[in-house]
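These are the structures in question, set out in turn.
After this come two complexes, each holding subunit A, first together with subunit B and then together with subunit C.
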Partner chain A sequence: MSNMNEQMAAKYKNNFLKEIEEQAEMGDWVKMCMQCGVCSGSCPTNFHAGWDHPPQEIFMMIRAGKREEVLTSNSMWQCTSCYNCYVRCPRKVPITHIMHGIAEYAYRLGLAPKMQPSLHLSQTFWNNATKHGRVNEVQLTQSLYFKDGIGAGIKKAMEMKDVALGLVKAKRLNIMEALGGGHKCKDVDGIHKMLAKAKELEAKRKAGKAAGA
Partner chain B sequence: MAAEKKHAAYICSGCGLGERLDIDALEGVAKKDGKMQVVRTHDFLCSQGGVAMIQNDIDNDGVTHVAIAACSRRAKTEAFNFPTTAISRGNLREGVIWVRPDTDEARETTQEMAEDYVRMACAEVKAMTQPAGNPNTGTVKTLLVVGGGMTGMTAALEASKAGYKVVLVEKTGALGGWAAKLYKRVPTREPFKAPQDNGVADLVSQIEADSNIKVYTNATIAKTSGAPGRFKVDIAVESGPTVTEDIGAILQATGFNLYDVNKLPQLGGGQANVVDQAGLEALARAANGGAIKRADGKEVKSVVFVQCAGQRDTSGEHLSYCSGYCCNTSIKQAMYFKDNNPDIDTVVLFTDLRTPGNGEDFYRSAQNKGVIFSKGVVSGVTASGGGCTVKFHDLILDDKNAQIDADLVVLATGAVPNSGVNIDNPVDAPAAAPAEGEAPAAPVVEEKPISILNLDYRQGPDVPQFKYGFTDSHFICFPYETRRTGIYTAGPVRRPMDIAQAQEDATGAAMKAIQAMENAGLGKAAHPRAGDLSFPSVRLEGCTQCKRCTVECPFGAIDEDEKRFPLFNESRCRRCGTCMGACPVRVISFENYSVNTVGAQIKAVNIPDEFSEKPRILILACENDAYPALDMAAMNRNEYSAWVRAIPVRCLGSVNTIWITDALNSGYDGVMLMGCKHGEDYQCHFVKGSELGRYRLSKVGDTLKGMNLETERVFDMEVAITDMDTLPKKINEYAEMIQGFGPSPFKGF
Partner chain C sequence: MARKEYAFYPGCSSQKGASASNYLTSVESMCKTLDIKITEIPDWNCCGASISYAEAGELPRHAMNARNFALAESNLPGQDIVATCAACWLGARESKERLEHNDRLMADTQEALKEAGLNIKTIPEIKHMVEVLIEDLGYDELKKPVKKPLNGMKFAGYVGCQTNRPFGIHGESFENPVYLDKLIETVGGEATPYDQKVTCCGGALAFSEPDKAQAQIKDIIEAAYDSGAEMLVTPCPLCQANTEVYQGQINKKYGTKFQMPVLYYSQLMTLAYGGSAKEAGLDGNVIRARKLEEFAGK
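The block that comes next holds the complex of A and B.
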């Protein structure tokens, strides 16, 4: 992975904007930002609390060639995909998509922050959902609760026990899922094959881009 | 004008006047107090029948003076239009019934108000003569355009298309001005994505093919004398005899110069690899679509544009304004590079990118082409490694030590108007001679402005300037009008603008100049009293040669004759009456507007005695904004005090202090003066009129003290046309205050 990072850094030398344009999904929109700040002002996540940089700044940093800082920042992972910025941007910059595009690219390069909660959730969710072709809610919750250790997990589970019981009573939660039971999709193999194919296609496309078609 | 005068009054009972007022009593007032020989009433005076009644009296009964007591003088002007007859208007509708409550208690005071307005209309018309028009007219219809750049060429072509002859004078050897030096210009057409041809060649060929346009190149204006319709202009042609042309009106399109880049050493001004925008145009023209090379021949691979270089400066050292075109210009110039080679690094450093018009599309197009725009303030440009290093404060990332290296730096330095000599503050003091033995001082780099028009007017050789050296004009309402009648300015000499705006400006100013020539030929005034036939005349026997009129005239209309008496140039006059207000011996008057026409109205008002508890307040209201605001208040039925009697004046500048002292002496309890805003953001239609008037009237305080009256009894109010809602409130507050003072002790004398 870091190998790919070095490759890309070498390939684009000082032109990080070009790198983002070519490698990150929707990255070719970054240049169209006019730095009005409407996106940052619209973001409901109150990014000051947790974000390294609001979207406007990320775009400026890309143009200023701050490669390391952008790709390792947590900003893109903080976006909740609310699309507020996207609908408000006077330049119609698809900000939400760019945020995810950069996040994904940083992940591919191995630069995404480790144990970043959204990143962790995404991975866990993906693994969980693709395993049976359907989300196993109990296991998903477990793996999230126990992410920071057994003690923290038990504490969290106790806190949420009333909610969980309510959900079980209302038949919104199936206890059997804890043991790998519960609902599954009919053709798990088929799903796996489909995903493998999709992965293959995407990997090919991205490799092509990285090689510089 | 008929020797026999016959005065008639016509009173309307339509529009509710008949229900609210005792028309018979008004008729009696017109006969008895107004001393009108003919008095008639009509229940719909502005109808065909009503107008025919008046016309019939004029045609068949010898009526020469008509007082119409009906609606405001601003209403029904087309119906009550009797060109050979002097007319006054008593404002019973907007001035009385629309501003008074329809109640039994109010009836008496409302009727008194109406009777006074009838008396005033009768008194006014008796003091008037119908003006015959300025006799000193000139009928030349040739437009002189000074300056052969985009503005000048456009103005010349537009005037020619409208059927007028044009003389076009250009100081350099060729037409085209700055635009001719551009490799390309900012796009003017859809899709606004790429620079386009500068368009100069096309305009030049149109001018060459136009038989209405006579062009002088390498020529300047040696002298301008005369007045609209009869200017005589001496044109000094390099290596040739001076030619004199007869001119009807003048359009000054002398454009701008770039702010001197050498004044910006901290931004690299003067360094080899730093150019201004004109410098870059020269390099682009040399490259002609190929790779742009620096002066030393090196191909430019990276370029930084610095916006607002020496502009929007708060230190007071450089230009404090925005020149308006330079952001689009830098965008265009960045495209010169990108269109040739997309790999050239082009960075525009800006604080606010201002792209008026369709510049926004152009800006986006540049972003699409890969031009980088960074928000930052440049702190310094230094030479380094065969190029430059630009240090700046990145405002988005708040990085104070950001820097970029570039082969070439372009400074957007902005425009300085070429407006000639600042006549209010001429910089013509000769440099002090060096003392004995000292080396002579280094030659002064600062260029002394050279007059452009060389007017032989008493008030100075060029048109007056406003802020930052741009020519003065009524910025909001009448942008092309200068303070010299028949002389218009257009383009960047008037305010910062780009080519497209300058061409629009040129067209507008050409049309105004044509209107001025036509009006001058008919002996009529130009804006804002366009079409007015009156003009000031002076009884020289009484003149004390105090020169106030010549100094105060905001339009430079008054020269001095050999005997040092004021010499009026009627065609240059705007009919504001400032001279009339200024003259301490009151020898200046218009046929239909004079110290007497207003004075007679003031005297005509019936002043109740001090026991009546009915104060009388005189309002002198500027006819351009304040009087219309009063009318509009009436249309909205905003009521105000019954104690006021309003008289419109042409301008606060025309108010002679005698009116105020006369009013106070004859028992008025207060005087309100209503005029337009003056000063930096003036609204005065006569530019300086309200300011001069206010200055003059500020001295009235002493008179009041001398009379033992409260100084607050005279109240100067700034009124804009939009004040129709607040104005009545202010009138009422003032009326209450006056009532609080108690009656004037001068009543009954």
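The block that comes next holds the complex of A and C.
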């Protein structure tokens, strides 16, 4: 993984903006930012407090070539996908997608913060959703609670006990899903083949861009 | 023949026994009254939602949505897709837009779909259930079947993020959308002046950053009480769950005494159309809506 990081850094030399443009989803929009700051003021208040660098700053740092600082940042992982910035930006920069795109790229390079909770959620969610084609809510909840080990998991599970019991009573949490019942697609096999192909094609496209860099 | 027919994309949360199963129950009752036929897309899959961005990357996410498009197109030709979950709707629309504007992405997606024996000719239109109600039917049509108006009941219309941004409902503003208020009034209820209607509840990050999300949710509920509302109404399963199920924890943490039922627009409509508590899925509310249960029994 860190190998890939070195390769990419070498390929794009000192042009971090170009690296983001070619490797991060919607990264080619970063240059459109005029630094007005509207996006930074648009993040949900209590999440805003967690941003080391709000979007406007991230975009400035990309242009300034602060590669390490951007890619290892905790910031992008605070995005709730609320699209508030997105609809307000005067330059129509698709900020939400760029935040996700940079985060995904940082993860691909092995630079994302270790044990970042939203990264863990993203991994767990996608793996859960694609295993059978549909989300198994009980197993999803279990893997989320036990991420910090069994002790912490049980403590969290106890805290969440009332929430879960309420849902069970209201028939909105199906315990059978924990045992591998629950919702599944019929053509799981086809889904897995399709996703393997999609992954392969995406890797090829991105490698092609880096080769031309 | 029903007056309108759609390929239905319920999403993971609206299946039987899942977290928004009561949404599904009330949508089915509502559609029956309105003579709207919704047919589940055979073998549909999860769209991945926004949060999967890091693990999934771009193409695999579009491929998941594309599979649903292809299944809808071949099994339910000519029908628009309708989703009830804001996140499903958003994810599907995003994929549609990207694929239609990027030939390379479309070609790659088709190649991936081939592995599952599918392919896309034309991507169907993708609507949220609210769009079906407002744009395809219209408020007048929604009002006609009202048998029991929800007179004297006060609701705060919590629109949230993803039914509102970035696509939103046609003709509505991002900062102050009024469609939910209008739906509340259409069924005879009173929509309170509510200033947190488009505040984000934290979305999926309610799992990964619970303290920050619960602080958001606290503001959302508090403002609903301040507006004089007795209940909250939402168009999105995740908004519903987030604003309902954490109230107990918020009470413990902040010493508040929140106990506000959170309903779907489709539950109000089902009740106003004369449906029973069961048909409206009221038994699925964790914080019971006693006032509505009584109303339904009358």
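Just so it is clear, the second predicted complex is superposed on the first by the 208 of 213 C-alpha atoms of A that agree within 3 Å, B and C clash if a C-alpha of one lies under 4 Å from a C-alpha of the other, contacts with A are read in each partner's own complex, and residues count from 1 in each chain.
The rule is short, and it goes like this: contacts are C-beta pairs under 8 Å (C-beta built on N, C-alpha and C of every residue); 3 or more make two chains touch, one makes a residue touch a chain.
From a predicted model like this one, the values you see are computed outputs, not experimental measurements.
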Clash or fit: what happens to subunit B and subunit C when subunit A is overlaid? fit
If you stack the two complexes on chain A, which partner ends up touching A:Met34: first (subunit B), second (subunit C), both, or neither? first
Is A:Lys11 touching anything from subunit B or subunit C once the two structures are fitted on A? First, second, both or neither. neither
Value for angle(subunit B, subunit A, subunit C) over C-alpha centres, in degrees, nearest 10, is 80
If touched residues of subunit A are counted for subunit B and for subunit C, the larger one: C
Given the touch rule stated above, what does A:Arg91 touch, subunit B (first), subunit C (second), both, or neither? first
Name the contact category of A:Gln56: first (subunit B only), second (subunit C only), both, or neither. first
Is A:Ala64 contacted by the first partner subunit B, the second partner subunit C, both or neither? first
Superposition result for subunit B with subunit C: lowest C-alpha separation, Å, rounded to 20
Contact set on subunit A toward subunit C in their complex: 25, 44-47, 49-50, 78, 80-84, 86-88, 96, 100-101, 103-104, 107-108, 112, 117-123, 125-127, 129-130, 133-135, 137, 144, 159, 162-163, 166-167, 169-174, 176-177, 182-183, 185-187, 190-191, 193-199, 201-202, 205
In the complex with subunit B, residue positions of subunit A that touch it: 17, 31-32, 34-35, 56-57, 60-61, 63-64, 66, 91
Could you pull out which subunit B residues touch subunit A in their complex? 353, 363-364, 367-368, 370, 372-375, 394, 396-397, 399, 402
Within the complex, which stretch of subunit C touches subunit A? 12-13, 15-22, 43-46, 48-60, 62-64, 67, 104, 108-109, 111-118, 161-162, 165-166, 168, 174, 199-200, 202-205, 207-209, 212-213, 215-216, 219, 245-246, 248-249, 283-286
